[in-house]
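Order of writing sets the labels: A, B, C and D. Residues in every chain begin at 1.
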Amino acid sequence: MSDGAVLDRHAPYETTLHRDETAIAGMWLFLASETLLFGGLFLVCLVYSQTRADGWAEGVRHTNLAIGAVNTLVLITSSAIYTMAVEAGRRGDNRRVMRFGLGAAVLGLAFLVLKGVEWGQEFSENLFPGPHFALHGPNARAAELFYSFYFLATFLHGMHMVVGIGLILWIGRKAHQGAFSAAWSTPVDVVGLYWSFVDLVWMLLFPLLYLIGRA
Amino acid sequence: MSWLPEASAHAARIDLLLAGLTIISLAVLGLVFGLMVLNVMRFRAGRTTAVARAAAGHKNWWFEIAWTAATLVIFFGLFLWATQLYVVGFRPPADAIQIYVTGKQWMWKIQYPGGQREINALHVPAGRPVRLLMTSEDVIHDFSVPALRIKHDVLPGRYQSLWFTATRTGSFRLYCTQFCGVGHSRMTGTLTVLDAADYADWLNNVPASGSLAMEGEALFIRSGCSGCHASSRYAPDAADASRAPSMVGLYGSRVVLADGHAIVADAAFLHDAILDSPRRQGASFATEMPSFRGVLGEEDLAALVAYLQTLSPALPPDTGN
Amino acid sequence: MARIGICWGMLVLLLAAELAAARAGFGAAVCVAAILMVLVIVLGFMRILRGPPLAIIFALGGLFWLTILLALGSLDSFTRTVVPVAGAAAYGPVVRGGAAGQTKGG
Amino acid sequence: MSASYLWQDGTLRSWLLTRDHKRIALLYLGSITAFFALGGIGAALIRLQLLEPAGTILSDATYNRVFTMHGVVMVWLFLVPSIPVTLGNFLVPLMLGARDLAFPRLNLVSWYLFVASGLLVLYGLFRGGLETGWTFYTPLSSDYSEGRVLPVVLGIFLNGFSSIATGVNFIVSIHQLRAPGMTWYRLPLMLWALYATSIIFVLATPVLGITLLLLAFERLFRVGVFDPTLGGDPLLFQQMFWFYSHPAVYIMILPGMGVVSEIVSTFCRKPVFGYRFVAWSSVSIAAIGFIVWGHHMFVAGESLYSAIVFSMFSFFVSVPSAIKVFNWLGTMHGGSIRLDAPMLYALGFIGLFTVGGLTGLFLASLAADVHLTQTYFVVAHFHYIMVGGMVSAYFGGLHYWWPKITGRMYPEIWGRLAAALIFFGFNLTFFPQFILGFEGMPRRYATYPAQFQVLNVLSSAGAGILAVAYVMPLVYFTWSLFRGARAPDNPWGATGLEWRTSSPPPVENFAETPVVTTDAYDYGDMDARTGVADAGGRHHV
């Protein structure tokens, strides 16, 4: 098989369209898998927010809504900017891909910094579960459950952000080298799917961690 | 090897269900193996005749549907049968005796309505419903009595209920069947079903809670003695001396030491033997007893000795040293 | 580009609505807003409808299995019967931890 | 046609950086064979210990570490990967008529992840050990265990990514890379089975991942969402754990069913009876398999409703399995049966899997399960499925495709002998355990009451035979690599695309992309003679 002028000899595809569609489909399948990863967290939240409702709500009331809301805005914007990079990629505009990508990555970093500040506050207020836990009263134990969930959920989401930022920087570097063209910008698309997914997960985590039960 | 006894009417009903399942399974298994062997014999390469092959042709869509439907009907019947026997477990009779069971690494603590306490032993009267209310102090355990065909996990932080009406007097094993750590396989005990008179008698003679002997029994388990030494007064455990000598009836008996010297096992002997185990004549046990010098204090030793004395009920406990 | 701008605007508006609903205590409205935001992202940013048909199949598959996990996974917790223990204080052992939380459901 | 994939470039570097699915399959084969041996040593120690009621060689603490090691290694480092990553990796592109999997680089990454996870798990298991059992029930694993929970759990977490990568690769490849003319209903049943397996890989594994992450969090900080002292629910851990670990059973058995479908058809020289039923039964097992997990918790304290629902679903899942068994028997009917080693393994699979499936009915029946669960009955049941079923199929598949993979024939006599010995040794090992379970012997006991000794000794004797039988293929396969007869391209006269290329295949698999014009298992000349069978096969559904 020696039609390998365009395609790698090992790459098992007939056409470039075939290859690109396969990559995108593969990413979607991986995202379906990721959905179930976060699904386990949602299950924990669903069960405890109903069966230990009072303590859970008590926990929600102690999260920092201001930082949470700002972070949500930051993430929405970052996702939107990266989507512009995707559009630029389709036109083969490497310079724009790099710029928008960088913008998205900076906003992602801002999210992480804010998250860090928030964590720092929570640690200093003894909201991290343990023997010195800040809240007392009949609901305190369930509130500790909430904070166990809160820290793991934000940690896992943060890890996804770190991976996402890494991927975007890698795209930026490739764009800097002029790797993309109107004919081929699949990696930009694929990373875009991932980045939007991370955004999407936060759209669900935000109300669960900050809003439902607050009032 | 004796077949597992049925110590309650429920056990008999479960055995009937198991028998039903076994018969259906054997029928299906016979069918599968039969067809396999027949096919292999009849259609072996080179041995096959055109006639045989032609006969093999009647298969169709309806064939698949028909036997799938038949399977489903049988399964549904089994499901109903088994479920109805399971639901019973969730409906304890109101007049049941309530006994508390607490699982702890690695022993069962039993508390009776009259305040009596026991460890790794459960006494119940025959013919009266008994409800166990079970919880755990640490990890998940599982209280299982095969002779009654029941078991239930014992969780920390909540109560589980398990009820039964034993109909047959005797001693039966109980086990922890949820893996709970190092001592899991030692977390066993005995269910003793007594008739009404014996039960009343027994209730009156259990060592009161908080007594020295009771304390000793807890120590006996906590310090690991029960891992090797049998201590249950009842069969089937009492005579088990494969790992170490049984403690049942030891107090007051004659022990022949390795140098041929015979001695009566009194309180002083037991006390010293715990600190440095003596060699017995002709004994070969699977394990070697460590010294407990420095591990157990004098108070502990006194409690242990008091407990061991209760295992020779015929003799009055002496005051020892 | 206009599409992205519109989507961004919708997301910001939905976020505002979500915050307002949370302040008013409408938990259900918060959930609706969150789901709408997810839809905007999937349709507007990820462009699922313009991807290969497989993308839609995989996404729906993931959603379906997520439903199984949430529905059957929570079934037990929501239908559990609690053993009422009369007189536990009299002679029963003390149960460690949040037994109070266990009495919900069923 | 260029050189075979084995010898085209012999440097170590070319193997370690290969993106060729066939070479990756062999890398996997080497790794999982090592893990299988390790798990097997664990099994041998367990059976030695249980010769005597008081135990013979191990302390309680060591015994607990050994059975945990056996479970963890066998489940995650052997059974779950086994057929998919070796035979599956090798065969999926060949059966599709493709040059490689959809994401060759991801495939290599998955092997490295697998090896890394294996090393991490082994580090935990051998530097300190672990005594929680492979199920990691909290709060034992989170608060009370003295073992190395963290490295093992994180190793398994990594392992999950390897599984997901393989699953994504297979699903996307089967969708996208079918050769011209290869419609869905022309796919070999092996591919249907692997497709179904991959669904589970992709959608169940992440839930295990998050569950273990929650456990690791709880272990690290001593507080967490399952902690009963906070009012957390240890049963929620079990729900989430079994959401993966029950479907994982189907990860183990479905590929075995695929292999058996291939073998039975080839050695009966007949299309698989009820092809579409068998194909869809794979998918429905994968789907229904996701909604039965609660039957692991009938005595754990789950709610009555929950127990009833899960019991009913558990009965349903046995229907598609039964469909497969009867369709294999239907395939044999009227065939021209040859009893070569792969066929012997396949027949062994059908028999042992049936026993395992039927005893599964006992455990799906609520009241019966109460008595039998957590005893040796359960141990026997799942070993019938996983060892009797799955490992038989794995060995059958290795024998069947060995000529294709290596270009050499294995010694047939030895193959048949090993197959027979495995069947015999297996039954002697595990059948007594059904009786032990009914008698009430709890599982995971380092010591046991003396009344159980006779059956335990029988079981250990069987294990000895089984050990010998498992070493035999290792010896004669190795021998055949150097001295075996050269294999022809299609030694069995089979129909799949993999037999249309040379043995071993060239690097690019096919000199020319094959074009498929017939159904799978189209043993045309024979069907012309029997007439009806073929028509019947085509008109199903």
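As a working rule, contacts are C-beta pairs under 8 Å (C-beta built on N, C-alpha and C of every residue); 3 or more make two chains touch, one makes a residue touch a chain.
Molecules present, by chain and UniProt name: A = Cytochrome C oxidase subunit III; B = cytochrome-c oxidase; D = Cytochrome c oxidase subunit 1.
Everything numeric in this text was worked out from a predicted model, so none of it was measured.
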Check your understanding: Of every pair of chains, which is linked by the largest number of C-beta contacts?
Key -> B-D
Check your understanding: Per-chain C-alpha centres versus the global one: which chain is nearest?
Key -> D
Practice item. Please compute the C-alpha centroid of chain C, do the same for chain D, then give the distance between them in whole Å. Key: 34
Review point. How big is the gap, in whole Å, between where the Cα atoms of chain A centre and where those of chain B (cytochrome-c oxidase) centre?
Key: 51
Practice item. Calculate how many whole Å lie between the centre of chain B (cytochrome-c oxidase) and the centre of chain C, each centre taken as the average of the chain's C-alpha atoms. Key: 44
Exercise for review: For chain A, write out the residues touching at least two other chains, lowest number first.
Suggested key: 21, 25, 29, 32-33, 35-36, 39-40, 43, 47, 51-52, 55, 141-142
Review point. Can you list the residues of chain C that touch 2 or more other chains?
Key: 54, 61-62, 65, 69, 73, 77, 81, 96-102
Point to revise | Two or more partner chains touched - positions in chain D | key: 172, 175-176, 203, 207, 228-233, 235-236, 239-240, 243, 301, 304
Review point. Contact residues on chain B (cytochrome-c oxidase) for chain D in the complex?
Key: 1-4, 13-14, 17-18, 21, 24-25, 28-29, 32-33, 35-36, 39-40, 43-46, 48, 50, 52-61, 64, 67-68, 71-72, 75-76, 78-79, 81-87, 89-90, 105, 138-140, 142, 144, 146-147, 149-153, 155-158, 160, 173, 175-186, 188, 227, 236-237, 240, 242-243, 286-287
**Study point:** Residues on chain D engaged by chain B (cytochrome-c oxidase) in the complex (per definition of touch)
**Key:** 52-55, 60-61, 64, 131-133, 135, 137, 139-140, 143-146, 228-229, 231-232, 234-235, 268-269, 273-274, 277, 298-301, 304, 307-308, 311-312, 315-316, 318-319, 322-323, 325-326, 329-330, 332-339, 347, 350-351, 354-355, 358-359, 361-362, 364-371, 373-375, 438-440, 442-452, 454-455, 529-533, 536, 539-541
Point to revise | Residues of chain D defined as touching chain A within the complex | key: 19-20, 93, 98-104, 106, 164, 167-169, 171-173, 175-177, 202-207, 209-211, 213-214, 217-218, 221-225, 227, 229-233, 236, 239-240, 243, 508, 510, 512-513
Check your understanding: Residues of chain A touching chain C in their complex?
Key -> 21, 24-25, 28-29, 31-33, 35-36, 39-40, 42-43, 46-47, 50-53, 55, 69, 72-73, 76-77, 79-80, 83-84, 87, 138, 141-142, 192-193, 196-197, 199-200, 203-204, 206-207, 210-215
Exercise for review: Spell out the residues on chain D that touch chain C in their complex, using ranges where they run on.
Suggested key: 172, 175-176, 199, 203, 207, 228-233, 235-236, 239-240, 243, 290-291, 293-294, 297, 301-306, 309-310
